[in-house]
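Two complexes are shown next, each including chain A; its partner changes from chain B in the first to chain C in the second.
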Partner chain A sequence: MGKKERVTVRICVGTACFVQGGADLLLYHEFLDPVVLANCEIEGVSCLGKCKQSDANARAPFVQIGSVIYGDMTQERFCTLLAEAVNA
Partner chain B sequence: MLEMNNQYTLIKRRVQTEVLKHFFDDTLVESADKIPFQIIPKERVPNRCCIYKERAMIRYRIMAMLGIDIERYDDEMKSLSEYVKEVLEKDTPPVPILTTISTACSSCPPDRYLISDACRGCFARPCLANCPKDCITFINGQARIDEARCIRCGKCKDVCPFHAVVHIPVPCEEACPVNAVEKNKDGYVEIDYKKCISCGRCAMSCPFGAIVERSGLIPVVKMLKAKEHVTAMIAPAIEGQFPGTLAQIKGALLASGFSSVVEVSQGAETTSVHEAEELTSRKESKAGYMTTSCCPAYMEIVDKHLPFLDGRRSVALSPMGYTARWSKAQHAGTKTVFIGPCLAKKVEAAKTADVDGVITFSELASLFMAKGIDVREMEGADLGDTALFEDCREFALSSGVAASVLRRLDNPQDVDVLSIDGIDKKMFRTMKVWEKRPPEADLVEVMCCEGGCINGPGTVVKPSVAIRLRGGNKASTPVKAMRDPIPRG
Partner chain C sequence: MNDVFIDVDYAQIYKTGQKIGGDVFLLSRNPDRNQIVCTLSDGLGSGVKANVLASLTAHMAHKLSFSEMDLTHSAKIIMNTLPVCKERKISYATFSIVDIRHPSLDDIQVNLVEYDNPPALLFRDSTPLPWDREMIDLQRDGAFKKEVLSRSVFKMSVGDRLIVFSDGVTQAGMGKGLPLGWRLDGVRQFAQQQIEANPSISSHDLSRAIVRKANGLDRLSSKDDITCMVVYARKPRRTLVVTGPPFTKEKDELLGEKLRAFEGRKILSGGTTALIVSRLFGKKLKVDLSCWSPDVPPCSTMEGVDLVTEGMLTLSKVATVLEEKRSVRSLPNDAVRKFVEVMQDSDQVHFIVGTKINDAHQDPSIPVEIGIRRTIIGRLRKALEDNYLKETSQEYL
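For the complex of A and B:
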């Protein structure tokens, strides 16, 4: 079995995301499962641009996992989604 | 205390952002009454009983944001636009800072201990053995608490191996260190302003959002819109509250319309120097312990509850006081706005002629969002020569004030320091005892919020996040030649 690609994760640290709870995600070292963490490449990025679209279905904070952008991110949802992405 | 980010804080920020957007677009008067409907659309699945109550609550949040004392001046017949017209014409007096929304209050029953179904009716029965009032009985093999005799000591909860005992608190009453939050005869929350120290703990702990702070945003944005010369005085705790460096935060403030930005750490330096001098002379004359004087909630405690500490606190002004004085001297006619994590600072500011407005970090976040300003995208502004007071940014952290004072002493090793890291009910009782038994220390540093100002009620992020992000700008700020008139130990 070949070595699996690490999942690219981009946490938006634009002001809107940051102050609406995105800042909590930056503690990922503390709340994320170490095994999942080892298989992820996590970085903070400037605004993903999603908050500027008037999309009532999703709100800040936004996170991009692989190529998909998710809104309304919480620490718990972040854990679940990352675990899924890593094990996919 | 509630988690920093919850439904309530998020919706509060949305309300503030919407109101500010309309304010800057000059559409607030006509749109104010529509905002509750925009924020709570009819498709929403409500957290409260129905969307109609949620909309009514949004109305109250807008009123709090306008600075209206809801407890006293709630007129249900009056539209929001009428309130808006009034506050746009005339600023509301800022004190009292906290007000209550009785219809939001869930009138929680008195706090009690309850034994849940998790009770296994064990053989050892430590609850029974440890209850000092013999109020535990066993019915059908499960423990029960006799409410009439229970003194709510919590011993049964501590000893139960199955965690079967639950404590159901009244969050606001439990959070208040000075017992200023009480239920009125109808069971709704009321604040006794003769006792209240404006620390904001109750507002942070109520899960129904029934205790709210009256915002000081409107007077400040009015100054900005009128293009007056406004000086933003940023508290030492601001670093870490927003993404980006301190220089970028300064840039963002300038972009939002403030004319100049000054760090309150600069005033903190002056405070430290004065406190160091005072401490030295007190030690020489064997006058006993001295307390710091920068925490405004602590100052309220002394004024309202512990008058014997009056002569114990340092006579130095708070960092905000010195910074405001300096700013006024720098630019005649400037309006000074303190931006910090603290609600009690609004009380202090109301007593100080040099301070014209106070907003919290949380309110500043709403201002940035309304103006579409992204701190991290900002060009960093020049912070100037910060070498003299850089270490005083530590004022935001517990034991940081004492450390700054010690650095300005000739013999810091001779000074015993006691740090009061947060005042809760128990600490308040301890402090009462000081009248008879003084603390064994020369310098007592008092912080009403646990962990220091970075845990204040007006912060944006958790202290753990803030600490991670603090100090990041140090590398980018070159250490300039020390201009150092003060001898350090």
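For the complex of A and C:
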């Protein structure tokens, strides 16, 4: 079996996301499973642009995992989604 | 904005055991007239009594030098007003007043008045320059000693430094290895070495170095208040702060041109603004996740720009820090700290304020107060001008 590619994760650190829970997500070192963390490439992004779409169903904070952007992110949801992405 | 910046700062160490100084330094700028007046006064004795004498003298000298009154007359008024010391039965405080007017880069007029302080030193780069002083005999009624005022008018050019200090500096080390103290020659030599070692040394650093050395000569237990003030004429250090996207997309290119043309440090404040500039310059924007605190989002890095931060949260926090004059060292390692450091290290700050309304901030559920950009920039400018004596300017795009 070849080496698995790491999952790219982009956390939005724009104002709207940061004040609505994005700051909690930046503590990922503290709440993520180290095994999951080791398989992720986490970086910040100044804005994913989702907050400006009025038709969006989801709300800030936004996180992009792979190619999908998720809204309403919480620490718990982040853990679950990442674990799923890594084990996929 | 001016092409010349007069960097004035001072350093002071009180006499050992005193909680209040007998040397008083005052500085005020009048940007409309391109005038700066700084005063150093040393009151008789030490502690509270000396501080009262010196404060009175410095404030009077300061006010009077802004008026049209003849200087000799002003000096007499000051001396007649000072309260009499209970022990010594005399009223006495020394002073040096430096009045600088700088209408243009190559015309910096200095009007220096000295009374009983050690003579000031003038340096052109690292070479000491002598100049003529006119001595005025005051002949005041009720004087307990001969009172001679020294007055001189000369020009400073860019790169010149004027160093004024109290007798605590020249008498440092007296009786402790130096029979007559450090003396003027010693101070001159030391200042020269400091400037040679670091030709662009700031007034802050030079005054501090002199005061520390004097305190060292006194074996860290100073016998008098040690105060040194440095006036340094130099080219200004400029910083450009860009915040907010331009009102229309067409103006983006103009913003790019302004950024490219600017000589000095550049700060981008705002996620969308940073994205626009990143696209214009074709440079990658990278968020630095190691540099943030729970109050402010992380900063980013981009080639060609000195600092990239988030917008409103960072700016309002920076404004608060500058308004409260909080020390940089007390701040966590985040974007605010970096921003404040750059502000304190600049002489002139220019703001380009984009006027586009951020859709993301229109959400009523955002739990913090996000002020209007303009208001925050107004607060920032006021704090920079009032608390830190910086020059600021602003334009909308």
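The working rule: the second predicted complex is superposed on the first by the 87 of 88 C-alpha atoms of A that agree within 3 Å, B and C clash if a C-alpha of one lies under 4 Å from a C-alpha of the other, contacts with A are read in each partner's own complex, and residues count from 1 in each chain.
We adopt the following convention: a residue touches a chain if its C-beta (ideal position, glycine included) is under 8 Å from a C-beta of that chain, and two chains touch if they have at least 3 such contacts.
Predicted, not measured: the structure shown is a model, and the values here were computed from it.
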Which of chain B and chain C A:E43 touches, first, second, both or neither: second
Which of chain B and chain C A:E84 touches, first, second, both or neither: neither
Touching partner for A:L26 - first (chain B), second (chain C), both, neither: both
Which superposed partner A:G14 touches (first chain B, second chain C, both, neither): both
Contact residues of chain A, present in both the chain B and the chain C interface: 13-16, 18-20, 23, 26, 44, 46-47
Chain A residues touching chain C - in the complex, by the definition given at the top: 13-16, 18-20, 22-23, 26, 42-47, 51-52, 54, 59-60
Chain A-facing residues of chain B, complex: 4-5, 10, 13, 41, 242-243, 252, 362, 365, 368-369, 373-377, 460-462, 464-465, 468-469
Footprint of chain A on chain C - complex, ascending: 271-272, 274-275, 285-289, 292, 294, 297-298, 300, 308, 310-313, 358-361, 363, 365-368, 370
Parts of chain A lying in touch with chain B, wherever the complex brings them together: 13-16, 18-21, 23-24, 26-27, 30, 44, 46-47, 56
